[in-house]
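Input: structures, listed below.
Shared chain: chain A. Partners: chain B in the first complex, chain C in the second.
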Partner chain A sequence: MMFRLPINELDGFFAKIAAGRRLYLPVDQNDGTSAFAEWSEGTKMSENLNTLRSAKSFFFPQVTNLCDFNVKDKEIEVIDNRADSEDFAVFGVRGCDARAFTILDKVFLVDPIDSYYATRREHGVIITLACTMPEEHCFCNVFGIDATSPEGDVTTWKTDSYLYLNANTEKGEAFIAGIKDILEECAADEVEAQRAKTKEIMAKLPFANVSTEYFEKNTLLDIFNSEKWEKLSEACIACGTCTFVCPTCQCYDIKDFDTGHGVKRYRTWDSCMYADFTKMAAANSRNSQMQRFRQRFMHKLVYFPDNNNGEFGCVGCGRCLTRCPISMNIVKVIKTFGEE
Partner chain B sequence: MQEVIDTAKRLLSDGTVNRVAGWKAGEFPYDVTPAVFTTVEEIDNGFIYNDFCAPNLSKYLIKESHKEGKILVFLKPCDTYSFNQLLKEHRILRENVYIVGVPCTGKVDIGTVRAMGIKGITDMESDGENVTIHTLYGDKVVPKTETLGDKCRTCKSKKHVIYDELIGEDGEVNNDGARFELVEKLEKMTPDERFEFWRGELSKCIRCNACRNVCPACSCENCVFDNPGSGIQQRAATDSFEENMFHLIRSFHVAGRCTDCGECTRVCPQNIPLHLINRKYIKDINVFYGEYQAGEDVMSRAPLNAYTFTDCEPGIVYERGGNE
Partner chain C sequence: MHNETLIPKIGVVTDIRQDTPDVKTFRVVGTDGKKLFEHIPGQCAMVSMPGVGEGMFSITSSPTNTEFMEFSIKKCGTLTSWLHSMDVGQQITVRGPYGNGFPVETTFKGKDLLFIAGGIGLAPLRSVINYVRDKRENYGSVQIIYGSRSKDDLVDYQEILDEWMSCPNTEVNLTIDREQEGWDGHVGFIPNYVKELEPDTSKTVVMCGPPIMIKFTLAGLKELGFVDTNVFTTMELRMKCAIGKCGRCNIGNKYVCKDGPVFSFDQLSELPNEY
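Showing the complex of A and B:
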């Protein structure tokens, strides 16, 4: 069922959400980019298409303090220092990032369930916002994502005069029920018109017709052993920026920090681009940058689909295209293989 | 542009070199990738040199010059300073490199263009004066000077300090001091204001290490921050000041060796103006030890590597009000 509220009442809408839980939305930074930040009175939402970093840190933060250990003589006390998570809402998530959550779910919510991730997921409401001005680096359609009607607990569409809302999940229904007094039921005509217009632009995007067929038709070993990886990875400076801005990169490392009187155990984002990634006591299975570079794209385009009914581990947000210092990215990889 | 391609083909065909380090065209004019070309055919299929070729190729030569045979590299004026500095530090085998100096009038930075609010950029052309930007939502013409990245906005030199061959006429060193203007602005702030400024910028750091990895002065084979035995390898900051310290430590390590190539700021995914820290040190070195430009030559000793009786004393910190 479609609801709406006048666009000039957006601040009141945010205030209403923020009254019951923390609210996060994209906010402009001083360098022209935007980032998710907590809403408070006077916060203005960014008009940018997307945030520089993805929304994954709401559920999978860059650093998580998993637990602490107190060591006294020969006794080790394990301290679970998790506070009960608070409810929160994220507004303005785009279709690419929303799909990324379902990809992360397939990693963290399968047995054994990651309770840190699961708790955050339970407490968060995702309110997505339909795209109207896609950019040249967008290719979410390649992975079957409809940016004009993004997934999430609640989908919203912003027009010149209204914000339209539609619930997709039980959590979304409950959310809408909680703010119903400022909404009115309505028809979806204006939404459908906006969607049609955006779809016309999307059909003309430079990467609208990128084909992933090569990765569906060739065997894991053929792709793995291809000579192309050497050239593709040649200029990589191993910075890991791509993995840090990526909404689906999920690899992490667990480290212990000696506090002098105990241990703090951290989980931190790791990156396959780093020399110590998968370094084990005996050795490292990936010794060259080519092997590490290959790992990232094999994971997204081969290993993940092999384990998840063909679903790719990329959502086409294009962040790696805009942030890579040497401009090497997943589109170039897909196209290079597809050329054969 | 055509002359650069012709030069690459000539030197490859006549056997002077067996590889060419240059820039490869991408999906858009602005997403060029450093690449090594081994055949004339490869050069025909994507070698470019234009107003978007910002990446400094010098650091790649650490690895490339240790391979078999000679490699041709195209260096812009500022890149030649990085090359010289690496040569001084014995990181590059000079005899395995053939340098062709290419002219540069400043490189267009896609981040700068995007920060102007220009969206959906599908194509760009530069005629040297203006940049025509084609987007999904219409075309725009912007003066090229407004599209330059930080590293080019206050160019330090149009002169190639090392080369075997030069395309076009060599330029001059720019001594107008414009590159220190922002540093002076920071110096004029109160310590609290300056602290706030740097806390704001450095706290954005995600510790991806792009600045370190691209930096021609950061050429250690195993960085202390990558060494599990160092105790400071934590990818998780153990306190909220750690990213800040990382940048200060790194900048001290490259002080006196940083040529001000500006790659750190160009590649930072969080848009932190890291080059300003290095410029502050360059400015101070100029004041305390006399004018010095790292990478200007191969033989001279760097001020911080040479002891002289006229070196300033540690007390200079107090004389400048550092105890305030």
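Showing the complex of A and C:
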């Protein structure tokens, strides 16, 4: 069922959500980018298409404390300090990032469930916002994502007059029920004109017709052994920026930190682009940057789909395209292989 | 709150055996004195000293051992050096079991088994060998071809002499790389020794050792007529989570921690040669 709210009541809408839980939404930063930040009275939502960093840190933060240890002489005490997450809502998530959550679910919520991720996921409500001005680096449609009707617990559309809302999940319905007194029911087709207009723009974007067919039709070994990786990876400086901004990159490291009065074990984001990622005492299975570069793209375009009914591990958000210092990116990889 | 496999249990080291100059075998139980958990031969556990590091080690004791677990660990990095420096009574952390293990109750059952190991490569096989020894009636003949640099580097030498050699329908062939005083057994590298021994090609092979040994031994086995589907090995790559999520131990689309560490060579032949 579609609901709507006059657009001049947006602040009241945010205040109502924030009364029951923490609310995060994209906010402009001083450098022209935007980032998710907690809403408080007076916070203005960014008009940017998307945040610089993806929304993955709501469920998979850059650093997570796994557990603590007290070590005394020969004895160890394990301290499980996991706490239940607070309820929170994230507003303004785009279709690409929303799909990324379901990709991350396929890693963290398969047996054995990652409790840190699961707890946050259970307590977070995702309120997505339909795109109206997709940009030239966008290619979510290549992966079957409809940015004009994004996934999430609740989908919203913003027009000059109204914010439209539609619940997609039980959690979303409960969320709508909680704020129903400020919403009014409306016809489902009131957002169709906006959607059609956005789709027209999307069809003209430079990567609208990029084809992933090559990766669907060729074997793992043929793609892995291709000579093309050498040239594609030649300029990679292993900075890891692509991994950092990627909404689906989820590789992590586990480290211990001795605070002087106990040991904290935590996990951090890691990158397969780094030389020590696979380094062992005796050997390293991926010695060259070509191998590491290849791993990142093989993972997204071949390994992940192999293990997940053909679903690619990329959502076409375009962040790596705009941020890679050597202008290498997944679209160039896909196109280079498709050129044969 | 969900269970969390990343949070480890406490293990107490109750015995330390110096196997070779750089390999020690650690006996571990829980704080209640009992075995920490059950496992299948070939499965692994994450062993850690908080503040030092955590690493994946194969559980070298057999599941038929109801009292304790053992880990045979070679000193080669930060964590393993620390473990080698500890004394009996030390607590460590353990989590697991992880990985698929060897198909001892399915594929291996009733088969003639040929174990081939080099150096510390015997550690993951010891669990299977002792399992087979304890359930001897379920398996055919057993042949163990084991080699190391020198006599002093043969892991579990005493157990081999005392128990494996006297086990019914079991043949043990030992070799060392170079001539050594006090050694009147075979001298030479594993791949050549295997070819010399000409084991029957109907045997199911379980092999573990350094990559170079695996490469040449596998080639030799193929020359003799062995097929990939009958040759199993156990792999080792860097791991952090041990549950297929941290993303680093993959060989192609398989994670060694979760989908392995045990693979047959026909499985490996479909994967990139990146290990």
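Operating definition for what follows: the second predicted complex is superposed on the first by the 339 of 340 C-alpha atoms of A that agree within 3 Å, B and C clash if a C-alpha of one lies under 4 Å from a C-alpha of the other, contacts with A are read in each partner's own complex, and residues count from 1 in each chain.
Note that in this section a contact is a pair of C-beta atoms (placed from the backbone, for glycine too) under 8 Å apart; a residue touches a chain by one contact, two chains touch by 3 or more.
Just so it is clear, the structure is predicted and the values come from calculations on it, not from any experiment.
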{"item": "Chain C versus chain B on the shared chain A, clash or fit after superposition", "value": "fit"}
{"item": "Which superposed partner A:Q250 touches (first chain B, second chain C, both, neither)", "value": "second"}
{"item": "Touching partner for A:A196 - first (chain B), second (chain C), both, neither", "value": "neither"}
{"item": "Partner chain(s) touched by A:F277 [first = chain B, second = chain C, both, neither]", "value": "second"}
{"item": "First, second, both or neither for A:M1, with chain B first and chain C second", "value": "neither"}
{"item": "Which superposed partner A:L66 touches (first chain B, second chain C, both, neither)", "value": "second"}
{"item": "Following superposition on chain A: angle at chain A, chain B versus chain C, Cα, nearest 10°", "value": "90"}
{"item": "Which superposed partner A:S327 touches (first chain B, second chain C, both, neither)", "value": "first"}
{"item": "Which superposed partner A:I76 touches (first chain B, second chain C, both, neither)", "value": "second"}
{"item": "Overlay on shared chain A, then closest C-alpha pair between chain B and chain C (Å)", "value": "9"}
{"item": "Chain A residues contacted in one complex by chain B, in the other by chain C", "value": "253, 267, 270, 279"}
{"item": "Touching residues on chain C, where the partner in the complex is chain A", "value": "1-10, 50-54, 76-78, 80, 87, 89-93, 211, 236-238, 240-241, 243, 245-250, 252-253, 270-272, 274-275"}
{"item": "Touching residues on chain A, where the partner in the complex is chain C", "value": "66-67, 69, 71, 74-78, 80, 82, 84, 107-108, 112-116, 118-119, 220-221, 224-225, 250-254, 256, 258, 263, 265, 267, 270, 272, 277-283, 285-286, 291, 295, 298-299, 302-303, 306-307"}
{"item": "Partner chain A, residues of chain B touching it in the complex", "value": "26-28, 30-36, 55, 60, 110-111, 114-117, 119-122, 135-137, 206, 208-210, 213-214, 226, 228, 233-238, 266-267, 269-271"}
{"item": "For the chain A and chain B complex, residues of the former touching the latter", "value": "29, 31-33, 49, 52-53, 62-63, 133-136, 201, 204-207, 231, 234-235, 237-241, 244-245, 253, 255, 257, 264, 266-271, 274-276, 279, 321-323, 325-329, 331-332, 335"}
